[in-house]
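Going by the order they are written in, the chains are A, B, C and D; count residues from 1 in each one.
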Amino acid sequence: MINPKAIIAARVAKELSDGDLVNLGIGLPTLVANYIPETMNVFLQSENGLIGLGPTPTDAQIDKNLTNAGAQYVTLKDGGMFFDSATSFGIIRGGHVDVTVLGALEVDQEGSLASWIIPGKLVPGMGGAMDLVVGAKKVIVATTHTNKGKPKIKKRCELPLTAYQEVDMIVTEMAVIEVRSDGLHLMERHPDVSIETIIEQTDAALIIGDVKIMEV
Amino acid sequence: MDKFIDKSTFLAALHDGQSIMVGGFMAVGTPEMFIDWIVESNVKDLTIICNDAGFEHRGVGKLIANNQVKKLIASHIGLNPDAGKKMSQGALTIELVPQGTLAEQIRAHGAGLGGILTPTGIKTIVEENKQKIIVNDQAYLLEVALGADLALIEARTSDAYGNLVYDKTARNFNPIMATAAKHVFAYVHHVVKQLDPEIVVTPHIFIDGIVQKEANHD
Amino acid sequence: MDKFIDKSTFLAALHDGQSIMVGGFMAVGTPEMFIDWIVESNVKDLTIICNDAGFEHRGVGKLIANNQVKKLIASHIGLNPDAGKKMSQGALTIELVPQGTLAEQIRAHGAGLGGILTPTGIKTIVEENKQKIIVNDQAYLLEVALGADLALIEARTSDAYGNLVYDKTARNFNPIMATAAKHVFAYVHHVVKQLDPEIVVTPHIFIDGIVQKEANHD
Amino acid sequence: MINPKAIIAARVAKELSDGDLVNLGIGLPTLVANYIPETMNVFLQSENGLIGLGPTPTDAQIDKNLTNAGAQYVTLKDGGMFFDSATSFGIIRGGHVDVTVLGALEVDQEGSLASWIIPGKLVPGMGGAMDLVVGAKKVIVATTHTNKGKPKIKKRCELPLTAYQEVDMIVTEMAVIEVRSDGLHLMERHPDVSIETIIEQTDAALIIGDVKIMEV
């Protein structure tokens, strides 16, 4: 498993459909854009005020007033447009975003997510994450399965929450997990990783049915 | 009705203890010249309302670095370690607000609303000390309107009346902040005689003073 | 991803008992062709949400004249005596809402808010059966979000993606209604390949179907 | 007193100042525009979505998509612009309108106004009036002093209210009246009308101090 992030990003991309409006969080989720088939019309939203995020600009194309929510330079695709922050979060909170993909410090078996603060240690703030997780139709957490061996998928989040019971799916380099009302269903495993290993690296209880092999 | 002001008029509007909204998202769309003038004025005990803390040497981060900020209301401070450090030391109060809530609170003030009901923050620490209201069986937080003494915004172009249009993602919080403060100053890159009435984003009636880039300010 | 639809697709979306938002202010900016198609469809028991009742032979007034409307939510019915007459006869329920409240209720639904606090209507009959909430010693009415099954809007120009811009005062309720219904159909006068990304009023993601003026609809 | 409406409109116009944003209601208040000096920059707002209302168009200038809130054709002045209804009432409710002028069925000595319904008889609806009266910095009621001899300025409105205690000034063809916390102050009288006549035609109590002569 040479590049866990690439595995995760590629697998998340398969969840997107033609015509979807998608918000990709800072960091790992941003990589998902690289795996969307060119034939598919997926519209990327950035909460700082645009729909139609295009590829990273060349040095010559850089416009200092055209950035994503992570302050990286971006481009705008045909059909894209700009709007203010109230409109942007109207789109987000109003249920008009089909899929939001974001990272996690912890995610739990009820679908609650912690991603914005480690009290006393790291206080970046929630930015737009709370609105995105509450507002988007489908919430996908894209994260490494553990933090250097420490499980991130927990029975119950211990850190302050980003949102309560809003996560729909968890994609890691080892597994694809669906959050349902009865708990976490292990849907897919990486071909090189056994179900036992996944259970071992997961604090939360997993419901094991017909586990497919992840396409990697 | 001349809205084009100079540096001295801007400086005269600054006071210790003011609340100031500053447009921009990670300093994109932040009127840096206004920030520099505030640093120069050395006014103290400011409450700054901004999407984020900027960077240590860019955006509202410069005011934090210069110890002029008593309280920061923002959604994110991750790119300015100085802000986090000052918060830990107790030298700066930071109120973290979900970004969409911050945007609606500002818009609500500008639109004469007492507040809005949002599902964001329910069952998180954001709901502490806030009223919860049930509408159609769903729980919402009551988030109250947020105004300020001053709003400092950046726009691409003004016409002779002070109508404004913005530039790409430098728009962000600027148009809503323009509606929500007692006095609103805009830093603009260009001035034209007329703008197409269909494309104006901020009507001139919201703007009290305009400073044009590269005009002589001293 | 072709959003350009024909009359049969429009008609297939109509059902008895639906709630339908219709853009326009005294029929300025109302998509008359959609109204005519609803008249032709003869669907019944509609709840219509519109700024006003239009005129007897223009705007949503045509639906009232054709006895297709069970309930009208509007701010004004003064220019359509037929609406007042049907109300007196008990054939039509009319819920009168202050215009600014109606606009905010629609916007709130589109923006995922449960509602807003407005000072409008305090100590009038508008406050009946509504929750009063005090913020900073001022009383506000809680007005809840208002959505619909369908929104029918009119715009001047669409691009190939369905981004929209409007024409002068024909803009009115159209952009907010475009955010607040399960399905949104736009009647547009012109189609161009591309619109300037700075001037788009309604992003394409809100629009489900577009009918172009003078296209062949039969 | 040949034209009461002209007297009222001309007097209201004197309340406007350079740079004011003003909303003129349907009917009589619309006439105020004719009396604003050309040298004064007053910006007229119309709640259907514009600032910069200009004079009535010639037949050749008529644009069916450029109307005021009374569905009359209008023009747009230089510096004017268009916006949607939520923005329009944000401007109104948010206190950005300096003066709103509107008619009345009844107005009372506490500054409450009734203007939108006569139950069982006339139910036009409140339109934007409730927001305008609550939101504008200064509310001027422009009305004939009586309705065919029946006082319109009452001790207390009997009809359903448009707003409670929001009116600042009442201008009629006979008098200019200010609403203060202690009641209605008669400020000016028409040169041809005695204070006694005004008192007689007014149901509300009037506080009489130094009454000036209206410029007509």
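Here is the rule we go by: a residue touches a chain if its C-beta (ideal position, glycine included) is under 8 Å from a C-beta of that chain, and two chains touch if they have at least 3 such contacts.
Computed from a predicted structure; not experimentally measured.
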{"item": "Shortest walk length in steps over touching chains, chain A through to chain D", "value": "2"}
{"item": "Mutual neighbours - chains that touch chain B and chain D alike", "value": "C"}
{"item": "A-C compared against C-D, more contacting pairs", "value": "C-D"}
{"item": "For chain A paired with chain C, centre-to-centre distance based on mean C-alpha positions, whole Å", "value": "35"}
{"item": "Gap in Å, rounded to a whole number, between the CA centres of chain B and chain A", "value": "29"}
{"item": "Rounded Å distance between chain B and chain C, as computed from the means of their C-alpha atoms", "value": "33"}
{"item": "Shared-contact residues (touching 2 or more other chains) in chain B", "value": "104, 107, 111-113, 118-119, 166-168, 197-198"}
{"item": "Contacts with two or more other chains, residues of chain D listed in rising order", "value": "50, 76, 82-83, 86, 89, 92-93, 134-135"}
{"item": "Arrangement of touching chains [line / ring / star / complete / other]", "value": "other"}
{"item": "Pairwise chain contacts under the document criterion", "value": "A-B, A-C, B-C, B-D, C-D"}
{"item": "Of chain A, residues touching chain C in the complex", "value": "18-19, 21, 41, 43, 50-52, 76, 78-83, 86, 89-96, 134-135"}
{"item": "Touching residues on chain C, where the partner in the complex is chain B", "value": "104, 108, 111-119, 131, 133, 135-136, 138, 140, 142, 144-145, 165-168, 196-199"}
{"item": "Sites on chain B touched by chain D in the complex", "value": "1, 107, 109-113, 159-161, 163, 179, 194-195, 197-198, 200, 203-206"}
{"item": "Complex contacts: residues of chain D adjacent to chain C", "value": "46-50, 63-69, 71, 76, 82-86, 88-89, 92-93, 123-131, 134-135, 160-165"}
{"item": "Complex contact set, residues of chain B against chain A", "value": "25-29, 51-52, 74-79, 84, 87, 94, 96, 98-104, 106-107, 118-126, 166-176, 201"}
